[in-house]
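Shared chain: chain A. Partners: chain B in the first complex, chain C in the second.
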Partner chain A sequence: MGKFTIGCFSSLVGSLNLDFAVKLAGAALDKGHKVDMWVSGNATMLSIKGQRAFKDYSSLEKPLKELMEKGLTITACEACAEARGYNKDNTMEGFKRHSMDWYLASTFDADRVLHIGGE
Partner chain B sequence: MKLAAFVSDYRLSVDSLERLKPEKLGIILVQNGVYHASIKENGSASPLLGYSADYYALQEDLETRGIDASKLDGKVKVINLGDVVDLIFNDYEKTAWL
Partner chain C sequence: MATTKLGFIVQRPPYKSENPKLALTHAISSQSVEVYLEDDDLVTADIAFIGDGVLNCLKDQKAMDTYDLSSTETHIKMSLLCDLNVLVCKEDLDKLGLTEDDIVMDAEEFGADVTTQVVPYEKITKMMEEMNHLLFF
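Entry: the complex of A and B
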């Protein structure tokens, strides 16, 4: 089994890219891989706690918590989050916040990297 | 280099692909990229299918869009997310998101 790092940039909650990244992380965890996920830019919106789930609308808080229980490490760009008013107090429990150094370090020792750019 | 390129949009990504010269190329169609596997314009398949590559389309994205997998271009293999993970780890060394 290997380590898989997924970087997702500039996607708001509700975007196809963010949905895909979370589902792919789940599939990799199910295969026994270690998964690191990094969100940057608008994708840091994913880190906010207390998001309300609507029927037929993408909601990732619950699946994300389930993936974290399975071992997913997920980190938001701290500067991107702060720039958007997402602070420690409204960050989902277990969701880490770091500078981009964290993402670089993760990609350097990953076996595979998927960098999903902005939309 | 063995490269898996993800195509997530129906807007053509051919320019980007032409700059990539991997020894082995896999094109994984996801999200709206799966339309490349099914839509013909003026009777012709998408130019994206003209590369010397192995082609894959994500089953759940086909189903979401009501695309019948049996009517895809014959060179496209339908896969699930677990298969995507296996391709990334077993068949390709690098990935690109187009």
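Entry: the complex of A and C
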């Protein structure tokens, strides 16, 4: 089985890119691949816990928690998060926070890298 | 010892979105990636500006005066200081009526040894073929 690194920079609300990325991560995990996911820029919005789920807006906390239980490693850019007021206290449990070099390190032994840029 | 080569391709203009600056900050972070890797393993970053992305390279940017933000120009200079390959598409500069005189070509004031390379798109394509992974911004 391979290793798949996904980087996503689009916001959770206002774009469906994160929805796609999370679904893709789930499909890869189900096939037995290792999946690392990196969120940076506006995508760090994904890391906030306790977001209210409306049917008109993307809400990925529940599927993300399920994927983390299946082995998904997901990390937010710490600087991008802090710049937006997303701090350690309001970060979802299991969501890691690192500097940008974590993403580059994850690509080192990845078989495939899918980078989804921002808005 | 192994090396993974990443190509950062910047297509969007500066300041309209965060993308160009994120491309540069992620590329610069290749300088500290060793903390996560085994000894002698490396991740390298090459940066290419194409399309409207070449506008990021304009010199004398006033981002600090206007927005109180560090400029994309400064990030390009930091990339040169870190010895990253910075390529700018000549054909796209031509389309915008720009020359080497209009863009950041060096970072001598920071002590950088390498300079920006204005190259034909063909050379950027060749660079992309040599990379393990491409990241488009």
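The criterion applied here is as follows: the second predicted complex is superposed on the first by the 114 of 119 C-alpha atoms of A that agree within 3 Å, B and C clash if a C-alpha of one lies under 4 Å from a C-alpha of the other, contacts with A are read in each partner's own complex, and residues count from 1 in each chain.
Here is the rule we go by: a contact is a pair of C-beta atoms (placed from the backbone, for glycine too) under 8 Å apart; a residue touches a chain by one contact, two chains touch by 3 or more.
From a predicted model like this one, the values you see are computed outputs, not experimental measurements.
With the C-alpha superposition on chain A as described, chain C and chain B fit side by side in the combined arrangement. In the superposed model, A:82 makes contact with neither chain B nor chain C. Once chain A of one complex is fitted onto chain A of the other, the partner contacts of A:41 are limited to chain C, with no touch recorded for chain B.
By the touch criterion defined above, A:117 lies against chain B and chain C together after alignment on the C-alpha atoms of chain A. In the superposition on chain A, contact of A:108 is made with chain C only, not with chain B. Seen from the Cα centre of chain A, chain B and chain C lie 70° apart once the structures are superposed, a value rounded to the nearest 10. Touch criterion met: A:31 reaches chain B, while chain C stays clear of it.
Of the two partner chains, chain B is the only one touched by A:17; chain C is not. In the superposed model, A:4 makes contact with chain B only, not with chain C. Overlay on chain A (Cα): least separation between chain B and chain C is 6 Å.
Counting contacts by the rule stated earlier, residues 113, 115, 117 of chain A appear in both its interface with chain B and its interface with chain C. Chain C meets chain A in the complex at residues 2, 4, 6, 17-19, 22, 25-26, 29-33, 35-37, 41, 43, 45, 132-137.
On chain B, the positions that touch chain A within their shared complex are 6, 8, 30-32, 80-82, 84-86, 88-89, 95, 97. Looking at the complex, you find that chain A touches chain C at residues 7, 9, 40-42, 80, 99-105, 107-110, 113, 115, 117-119.
On chain A, the positions that touch chain B within their shared complex are 2, 4, 16-17, 20, 23-24, 26-28, 30-31, 33, 111-117.
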